[in-house]
Each structure stands twice: as structure tokens, then as C-alpha cells.
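All remarks here apply to the structure that follows.
Naming follows writing order (A, B, C and D), and every chain is counted from residue 1.
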Amino acid sequence: MSSFGPRVEVAVARLRDDIARLHSELTRNGLVVWTAGNVSGRVPGADLFVIKPSGVDYADLAPENMILCDLDGNVIPDTPGSDRSPSSDTAAHAYVYRHMPEVGGVVHTHSTYATAWAARGEAIPCVITAMADEFGGPVPVGTFAIIGDDTIGRGIVDALTGHRSRAVLMQNHGPFTIGKDARDAVKAAVMVEDVARTVHIARQGGELIPLPQAAIDSLFNRYQNVYGQAPQGALK
Amino acid sequence: MSSFGPRVEVAVARLRDDIARLHSELTRNGLVVWTAGNVSGRVPGADLFVIKPSGVDYADLAPENMILCDLDGNVIPDTPGSDRSPSSDTAAHAYVYRHMPEVGGVVHTHSTYATAWAARGEAIPCVITAMADEFGGPVPVGTFAIIGDDTIGRGIVDALTGHRSRAVLMQNHGPFTIGKDARDAVKAAVMVEDVARTVHIARQGGELIPLPQAAIDSLFNRYQNVYGQAPQGALK
Amino acid sequence: MSSFGPRVEVAVARLRDDIARLHSELTRNGLVVWTAGNVSGRVPGADLFVIKPSGVDYADLAPENMILCDLDGNVIPDTPGSDRSPSSDTAAHAYVYRHMPEVGGVVHTHSTYATAWAARGEAIPCVITAMADEFGGPVPVGTFAIIGDDTIGRGIVDALTGHRSRAVLMQNHGPFTIGKDARDAVKAAVMVEDVARTVHIARQGGELIPLPQAAIDSLFNRYQNVYGQAPQGALK
Amino acid sequence: MSSFGPRVEVAVARLRDDIARLHSELTRNGLVVWTAGNVSGRVPGADLFVIKPSGVDYADLAPENMILCDLDGNVIPDTPGSDRSPSSDTAAHAYVYRHMPEVGGVVHTHSTYATAWAARGEAIPCVITAMADEFGGPVPVGTFAIIGDDTIGRGIVDALTGHRSRAVLMQNHGPFTIGKDARDAVKAAVMVEDVARTVHIARQGGELIPLPQAAIDSLFNRYQNVYGQAPQGALK
């Protein structure tokens, strides 16, 4: 067992629990099939993150088989789960953590409706108030990139840097979401599929009514500051 | 603990149970994701209503964290749950209770198909008998309104006053439903999504056959008076 | 307690169990919301059938609140459940039992896709082998009829008499299915929604390939005689 | 009880468990209704396979009622389950095992979206990376064939021999999938429905962006060799 000091060890242990448990939100919300999809979370106060192993059944995910990585995506040896391969999207998660220090969680799925917009390379227009609340405008598209090097990570960071949206539709691929922590990124993954579905269905039925920009701004600002028991939404 | 006398205290306690439990109907029927959606109920015999806290997980909703409000939407201090913020839609619920004394329950969701009609600002035409039974005609659209003052509440009341429908599609936002009590408003929320979905899918496949007005009237009147073990439907 | 002799009483008791339990197949297969939908079964060897009470929660259905009726749809007094109103569709079920002696079960739902075809008054074309197996051709449309007299029952009987299909789409209303017993009619209700959904989605994507009539005949005949552990399908 | 020697008997017993359990993946993933669909697996080291009985409820499937067949599809007498009829698709499964020695599992469903493409006789274009990973290109269509002789089996083998895809859409019928074992074929059945749904919905919304062939090749090759804890995908 490598040692990062007791404070970090406690944070890693808690994060292993969180990440294992948060994967069940992906299945419960119908965002993934089989072993697809992955959630990661940054270890507070350390250059480390915890991510799911590659190609393992959702029913078999447990804190002890979550994998601890450094911010280059290398597995930390001699830690629980380090005998397995991490998610094949680990390089993309690592790139985001290296380049967006405000991000504490990353999620990737192939959820149906968000991936459908991605297959057309089309941003989701902001026509419902829930979308203005959550994403503050349209959900953008990231450039097409092949897995295996930094191009996916770079595509995510380019699309989301300076953007209100915590979700990006990687072209021909699917959604990646970020958040202040892993749970917040999972929420964004749930919400991006929800708005992708609603706006798709709305447009199948006829012409959409745009939301005025002033209304979008007002809704987004309120949601950041008023909704819930504590402030929500965009990363500060 | 504030005191409204034993009769009201008993009614509040029972209503806390009902409101907490009825939220599970929203998830069971697939009307909400994450923490979206809210149910409230008027306290019989008092100028009070009970509503969900803002931004709390559905799994964590319990009678003791439901929030008691007066009809201006102010939280009653020193009551269970009063340390939390009520639903961000509380002002709209309060407005309805103030202006529609026959209403005993209000529900708001962003359910997919009803919200899709709302994103086009299009009323749902009455082309199936279940819709004539339940809503007595088309489901109307309410004017676009920004959260934060009385405009949403006023939009609901304007659309539903003197209308058979217990559901309104607030433009670019989603459905609000009313009922003689909270359970009746939840039923309307379930049914409006069901008819929104069926009529959307029907129209995707070709031209709809309108229901004759006389048939709609006959179905609605029968359903009010004959269906079930007791009269149903529109508020008297 | 009325008495029909011990043989009939045993058959009624068994049927109450079956009918209560079969309603859970309607919810499990997503065919109904709230209290919609109903299943009935003919009592073997007697001019009686058992049906669901009107407007009662699916969770509260139990053998002892199923309702025993004669073939005119009258509740048999002083039997379990006879203090409640039977399903508002009881007259239609009774009409079918009176006029189609080979029918042992009737089911009615407002399942989404079947009702969508009904809202256009359009028969489902037979373009998939599962549909040829189960229904032996297109699923027909029944004439529009208002609840409250024999017009719905007559519409069902007119559409299904001499037809291979055990399902009919009552125009602007929804599907009714029949079977050799209640379970067989529930199967037909599940399958008609399945084919209604598949054929709707298929046609949204482009032109359908028709099945040759000889192939439909061959599939239907095989399925009647070979499939399963005992013969299936159309009523003999 | 016939005897194939202790090694084969152990393999058969394990396979009965697997096949019974894998059927629950079909229902859990929403690929089948009622008794439709079937999974089989080849017995390692013997000219035998295990398949589901015909027309039996999913809830009643258990290791001891799975049926052992030879590669001509004949039931092996005096083995558990041999008093029942095997799946009506047994001849097609047997044909695949006889002609594709690398195949260890076969699955057939009428899953909604895959069957919708089949009803149009249209291959699913490869426009999302998950599809390139899993199927290495478009999912092909097999020629229309009537159940009852070798034409279905031949259609499957003709379409999949020398093809990267482990799934074929039999025209007007539905998907068949193959795999290195039964679990791998079930994975292909889950994934083909997932991509059939996503690509259908994507195309309803507008024009799809094709994936470059070089990207498809790269994704497929990586997925075969890198993804998961062991190599995945196409049969070697």
C-alpha cells in the first residue's frame, strides 16, 4: 500500500465509496447498458483521482475495485484494485483534471438521446427552463476524437472552458459531464439526457419556441444561488 | 412548535405523511429525475399547505422534512422541516391556493412529453377517450413566466379558472396540475404525461381523428359521476 | 353468499386468484397507469365472469375484491366484492362473453402505442413475423363507440368475429383483446402493444417491407400448432 | 440419464446454470416480452448445446428445465428437461453451431428497435463510436426466411461469416447474435438494441455524420485488444 498520509488516505477511502455508489445512479437512470459508462472523482487535496475499472459488470463494482490514478492517468501501484485496468476513458478524465482545476468529478456515458444529438454533431438548443437552470444555455458539441491519446480530453476542455454548460456532446461519441464533485457530474449526466430527450421529442412535433436570452440568464443565475439547500450548478 | 390547535395539528401530521408518500408516485411513474418535481397539499380547515423541501433527494423525503407554509408561501417557523428552504416553486403553489379555494393539491413536474408540448407552446388536442374522461377537452397552455414572483402562479390560475382541465402546460417550462386534494393532483400529473405521450406518438404516425364535442362532453360528465367507487375528476 | 354449487364455487375462487394476479402483468408490462385497464375471465361451466372493481389502485387488488357478474354485467349480490362497483367497462366485457362463447378472457388497456394507432383509426399492418405468429395478419380497428351502452361490446364482436386477430383497436379509445382464458387475453394485450410499438417505430424510419400472405398463413398455422408446450394463439 | 463422461457432464451442468441465468439479462434489458427470445450455449468439448424450452415463462426458467440438444437440434433423451419441446428456433441455433465452429453462444430476440430496422430490411449505419467498438461497422441484414427448416440458420451464417458484426437483423423478423460464449452473445444482443435505438433516434432528428472508415477500423481493433480486463469483441 502506497502512503499519501492519513488525511489523503481517508479522502481516498471515502471517494472509493462514493464512486462505487454513484455508478448505480447511471443504471438507475437508464444512462448505460452492460459495462458502458464511467464516473471518476478527484481526491481533495491531492493530485489523484478514483475511477471505475474497465469492462466490469455494474453489479460487481465495489469500493475496493475502484482504481486510484495520478493526474497523468497512471494507476498507483500496490493500492486496492491496482491489479486491474482502469476505464478505457481514463486518459480523458486525467486530461480534464490536469487542465480544469475547479473540476472535482467527471462522468461519461453513451446515454441514448444525448448520443443521438452527438451523432448529428448538433448542439441542444436551450428551449426549456430546466435547461436554462442547469446548463445556462445550449449544450455544446466537442470535436470528433479517437480514443487512445489526449484528443478526447482536449476536446472536452476546449468545449467547456469558459462555458456555462457542465455537459459536452463529443461528436459521434456521447456526452461527458463535469462537476464540482463526482455527484455533481453525475447529476449533469442525468440532466443532459433528460433535456436531450425532451428537446428531441419536442422538435419532432413541430417548431420550438426559443427562450429569450434575458430569461436564460435570469434562470441560470437564480439556480446557481437560490435553488436547493445550498448553491448549485456551474463551477465557480 | 407553533400551535394551530389539535384538529389542525392532526391534519398537518396526516398531510406530511401523504405528501412525502405521494412524491414516490412521481418517481414510480417516471415523471421526474434527480430532485425535480414537487407536490403540495392544502391543510383542510386552515390557511396552510405542506410542500417538499428544495433540491432534496427523493430517497431522503420523509414526513418530518416536509415544510409547512402559509398561503403567502412563508415557512411557518419552529415546525418540523422549517430549517430548510421549501421548493423553489412554493410561490406558485401558494398563489394557486390563495386564488382557487376549491384546490386542495398542486403538482409540478418536468415530465418529458408534457414538457415537449410546452416547449412548442401547443395545447394537447383531445383525441382519445381517456383524455375526454380525465380532462374534458384539450390540455391548455399557460403563458411563459419567469420563476421568482407571482407570474407563474397567475399563469396557472388564468389558464385553469373555468376550464375543465386540471392540467396546464406552462410554456417552455412544464406541466402544473391541480386537484381536490394532493393525490388527485398527482393523478392529473400522471394522466397528463400519459396523454401527452400517446397523442404525440399518434400524431407522428399520421392524421388524428378528432373526437366530436358531444362525445367529449358525454365522456367527461360520465367520468365525473360514475367512474370509480366515488365521483372523480373536475373540481366542483 | 349466493351458491352455484361446489364445482362452480371452486372455479370462481380460482378465477378470483387468477384475475387479481393477472392485473399485475398489466403494470409489469407498462400497459396501464394509475387505475386504468381491466382483465376479466369467464367462469368455466357457468354464465358468470369475474372482473376488476372500478377505479381501485393496482396495489390494492386482491382476490376478495374482484367482482362476480352474470353475462348481462349485473353484479351477483352477496358475493365478495359485491359492495363495490365493477369496472366501468363491464358492459363491454359482458357483451363479448354473451356473443362469443369461445372467449374465456377479455382485457382492455390504454397502452400507449396501440392507442396511438387507435387515435388515427389505422389498422396495424402485418410486417413482422412475431405479428403473423400471434395475430395472423393486421390488427383491425373497431368503430368509434361511447361507453355506457352495448356499442363498445358490439364494436369488439363485429371486428373480431371470424378474424384471426385476438386484438382490436377501438377507434379513439384503445385496445381490447380476447383469449381462450384470461391469461391468453393478457398475452394478446402484451403482444399488441409490442407490435404496435415496433411497427410504429419501423415506419418512422422509412418504408416497410410487406410480409407475403403465404408467409403470414404459414407462420400463423405453425404457431397455432407447434409453438410452446401446447398449442397457442387463435380461438378454435 | 445419458452419459457423456464426467468432464462433459460437469460442463453441461455449468452451462445449464449460465443459460438459465442469462435469460434474465434479456428481461432486465427490456429485450423481450412474455416468452419471446432465447439464449443457447455450446457445450465446450462436445457436439452439444443447451437451449431454453419453448413458450415457458421467464420466471419459470431454471437450470433443470434447460434442454440439451445435439448439433442437429435433436433433444438428448433422458436428460433433465427432455420431456419438453425446445425453443422453436432450435433448428436455427443448431445450424449456426454446425457451420460456425468458433461460435459458443447464440441469442435471438424481437427487441423493438433492432426489429424495426429489420422490418425495413435496412442495415444500421455505423455512426457512433460504441458501434465501431462493438460491431466494427454496420449491422447487416439477413434474407427473409420462414421458420421450420434451415433457411433461418443459413441466412444467419451467410450474413455473419467473414463479417466483423456479431449481430444480424433477419428481415421482417428480428436480431440474432453470436459470441464466443453465451454471455458474449447476450452482450451483443444488448448492444445491438442499444445502437439500433440510438441511431434510429439520431436519424429522426436530421442528417447523421458518417464515421470515417479509418476511425472505425482503429476503434474496432483497439476494442478487440485493449478494452476490459481481457480482449473483447469479434470472434477470432
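Definition applied: a contact is a pair of C-beta atoms (placed from the backbone, for glycine too) under 8 Å apart; a residue touches a chain by one contact, two chains touch by 3 or more.
Worth saying up front: this structure is predicted, and the values here are computed from it rather than measured.
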{"item": "Shared interface numbering between chain B and chain A [over half = same, under half = different]", "value": "different"}
{"item": "Where chain B and chain C are represented by their mean Cα positions, the distance between them in whole Å", "value": "32"}
{"item": "Mean-CA-position distance for chain C and chain A (Å)", "value": "46"}
{"item": "In chain D, residues with contacts to at least two other chains", "value": "204"}
{"item": "Touching chain combinations (by label order)", "value": "A-B, A-D, B-C, C-D"}
{"item": "Chain C contact footprint on chain B (complex, rising order)", "value": "29, 127-130, 187, 190-191, 194, 197-199, 201-202, 204-209, 211, 215, 218-219, 222, 226-229, 232"}
{"item": "Residues of chain C touching chain B in the complex", "value": "33-36, 53-56, 84-85, 88, 110, 112-113, 115-122, 144, 146-148, 171-174, 200, 203-204"}
